[in-house]
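Structure in structure tokens, see below.
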């Protein structure tokens, strides 16, 4: 049970082009587990699912601008209020395993509260690389391996490729990012994996079915999965009406 | 051990615990899963002729004692939806939005479902559901046109705002059962934001808070239903709730928000709890408790 | 510090927190005590022409999320009751059972009260309240006859089952304010006893569970009320609830079951909490938040 | 908060003419405090307030036949079910004070769970004296002083008189019984007193006002009082309609 509450933005941090972090105090979030998400409401704009990128006395979300609500979130300032419900969903559990994180761009958000050994993070180019976050993770003794498609920062190539390459050194891989990335990892890795999926979310609490994938609900049975049948994963999602559509189309 | 099997309008169900409309019944694999979890039957999301995206988020919010939603009847439209229904092993009841032409929707669902449920009562969509039920003659026409088109049993789902009179008229018009009840018109305002939370502002209230209202409605309907069937719905989260509805007069019950409170496992919990109660109290067949509170 | 004073139909109240009808308002000293505890005004038990004993016990039962009661409108009759009202220092609103001849009851109360509240909505007494409100023309006649007889402001109290239309018609007929809402028709069955708990079987549901329903009703009434007043009631147990109702459009709120959940001290809690909220959010006068959620 | 539940009668004990004790298991009652009451529901008969005369793993009520519901309660047998809500109301608190109990007849019920020093109990005659209860209290090291109006058991006279006579030896007096008795004690005792009152109860939880006495609610502000204004106490009660009537009339 988690009623909606309004929280005040304590801090707004610009991360890289189109990405910010917002921090706030919220009792339920302070007790969340890594990988859980919240539903963030901006009156007149809408409500969207966002992973908690910080969990603690100050919790936070790290948001990339993609559409209406995220755009409005990027425009907020310290002192503004957002509506929040959750945390919802299941969570990563890595215990003391030597863990490799693989993030595609903003997919780094749910991995940030984890005690990773190594993080591979891929973006198109340097200006999409959240450098402050990388430094912060390094200062937490995480080895960070950035990779860009154009080679403008770190290695050149794809996060999935680099992740697969070095995965032998780890007990466990955790991943979040575009579904192609996750699908590619899942298909090619011979290692335990926990990956965080995205689907259109409405209720966020397992009732409406709009986040359904292969008989699971991303909001309530996920967002973290370790195995999935491969009927819809990587191929289909559901639109706002509940219709199954190929993954490339807009929601 | 007491027998939980029931016959609802001639359809045999292994137990009286039915997934209510709008909850999970939009995706094939989820319906299948609810069947595997033990549900006696599954009602689909309410389906219309055309695809509808529904309202924008927030479409649902948890409240202290229940759940408030205004999804806006999102559904893929009957032509897209039919495919979701093929080869599901649990009995499916097809919910149909009360709108002009809904008999065609019912007709298209017919091959894949065991019964039709007419949603006369969505409390927050203009021109559909509850809005129509205020227009009693229109509701009666819709019922007659569906009965004229499909040979399946027809359940009519009412809201609390629907009068007993609408229940009576629906049965007289040919409905085989009444489902009572849908969500109740309500609102939540966040006082810091100074706004209604739902994008549609008004929504429908469900969950534990509404149970006594639903039980009262079933009790009153039972008294006018004659030999027709009443199906209870609203706030059922445990086996005691299910029995309360059945003693009020429900031959079966539907569970919606309970999926949030107890998980999909709720169907097993209901079965185990009700069976134990029946055994302890010396009932042999669940049918014996239907309407018992009227004696 | 923000000003909590409100004017309701021309009556000045030190704050908008009013004791609702049927709760404690039967005994002089209790009304006085509620005034001393900080209430802005007190509504009496609904009073009729003749003495009524009400139903036999059980007349009330606590439920998980609210309270269910069917007292049966017990009251000493207006001639016996008048004495209870002399010299009370808190403003008194006289609640009158909607029954033929109620204008005489209102007339007898007039010297001792600041306003009349017409209870059009008791959900469980035949021939009074909600039963009458289904007969819209009768309700309108009662309103007109009271307005014709007494010079006091007239509040009309509706149930959730009353349509918005009855609200509109009541205001058109001369009511100065609408009180929304009364308890909601409901039932509790004890499954071991296999019986409805209340001796009247059906009762009225109040308390935290019903709050979102009341807020929605106030929101909708506010949109049709023009410059008339809406008073919110249903499930208020803390200052956030009171503010929610006021943002939905209520100029004042009534508290009933909250007395059970929080004690008579609830009036002080409401005052302190609302005042702090107004100060924190930069409001100077409580009137500024009325209807704010409509903007 | 206390929802209604059904409990099974474990034991029925005949006490004296027209009085029985019923015992049952009930979690909320097991945590009640002496002096609190419950609302007992018998379908088709009604619901009435009764003090808890036993509190513990087995709780109990001790009932005197006066009308419809009590008559039906006397007809119950072990295994039958009763509806119960509560415990409600405030309670006696005697701490380690040397306490005298004064009971008029069935008024002994709420005093039974107390660690009294001495109990004065008065009835009309011997056949109304609950002898088993007296023996049980004695075995709990309570000095019991029975008194009957006709002298057929113990001393001859009134409990109030005897109570006043010996009250000097005690720190505190607790009392329950007919209102004349309580009124008499209250008026004449120069000692701390806690007495349990009766009024017509409907809701039992402080809402309906039917138990009002001098601005207090017997169900929620009582049933135990230590002081009262003397306007209604001893003189008036409220009828089912809420009308104030002289105490001798029926409810």
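Labels for the chains are A, B, C and D, by order of writing; each one numbers its residues from 1.
In the analysis below, a contact is a pair of C-beta atoms (placed from the backbone, for glycine too) under 8 Å apart; a residue touches a chain by one contact, two chains touch by 3 or more.
These figures come from a predicted structure and were not determined experimentally.
Enquirer: Does the complex stay in one piece without chain C, or which separate groups appear?
Expert: A, B | D
Enquirer: When the centre of a chain is set as the mean of its C-alpha atoms, what distance in Å lies between chain A and chain C?
Expert: One centre to the other, that is 49 Å.
Enquirer: Using the average of all C-alpha atoms in each chain as its centre, how far is it in Å between chain A and chain B?
Expert: The answer is 36 Å.
Enquirer: Please output the residue numbers of chain C that touch at least 2 other chains, ranges allowed.
Expert: Within chain C, residues 63-64, 188, 192, 195 contact more than one other chain.
Enquirer: Chain contact graph: line, ring, star, complete or other?
Expert: Graph shape, chains as nodes and touching pairs as edges: a line.
Enquirer: How do the chains pair up in terms of touching? List each pair.
Expert: A-B, B-C, C-D
Enquirer: So in the complex, which bits of chain A are touching chain B?
Expert: 1-6, 39, 41, 43-44, 46-48, 81, 83, 85, 201-210, 212, 214-215, 217, 238-243
Enquirer: For chain B, which residues are in contact with chain C within the complex?
Expert: Touching chain C from chain B are residues 63-66, 68, 160-161, 184-189, 191-192, 194-196, 201-203, 205, 208-210, 212-213, 215-217, 219-220, 240, 243-244, 247-248, 277, 281, 289, 292-293, 295.
Enquirer: For chain C, which residues are in contact with chain D within the complex?
Expert: For chain C paired with chain D, touching residues are 22-27, 29-30, 32-33, 45, 51-54, 56-64, 67, 69, 71, 74-77, 80-81, 188, 190, 192-193, 195, 197, 199, 256-257, 259-260, 263.
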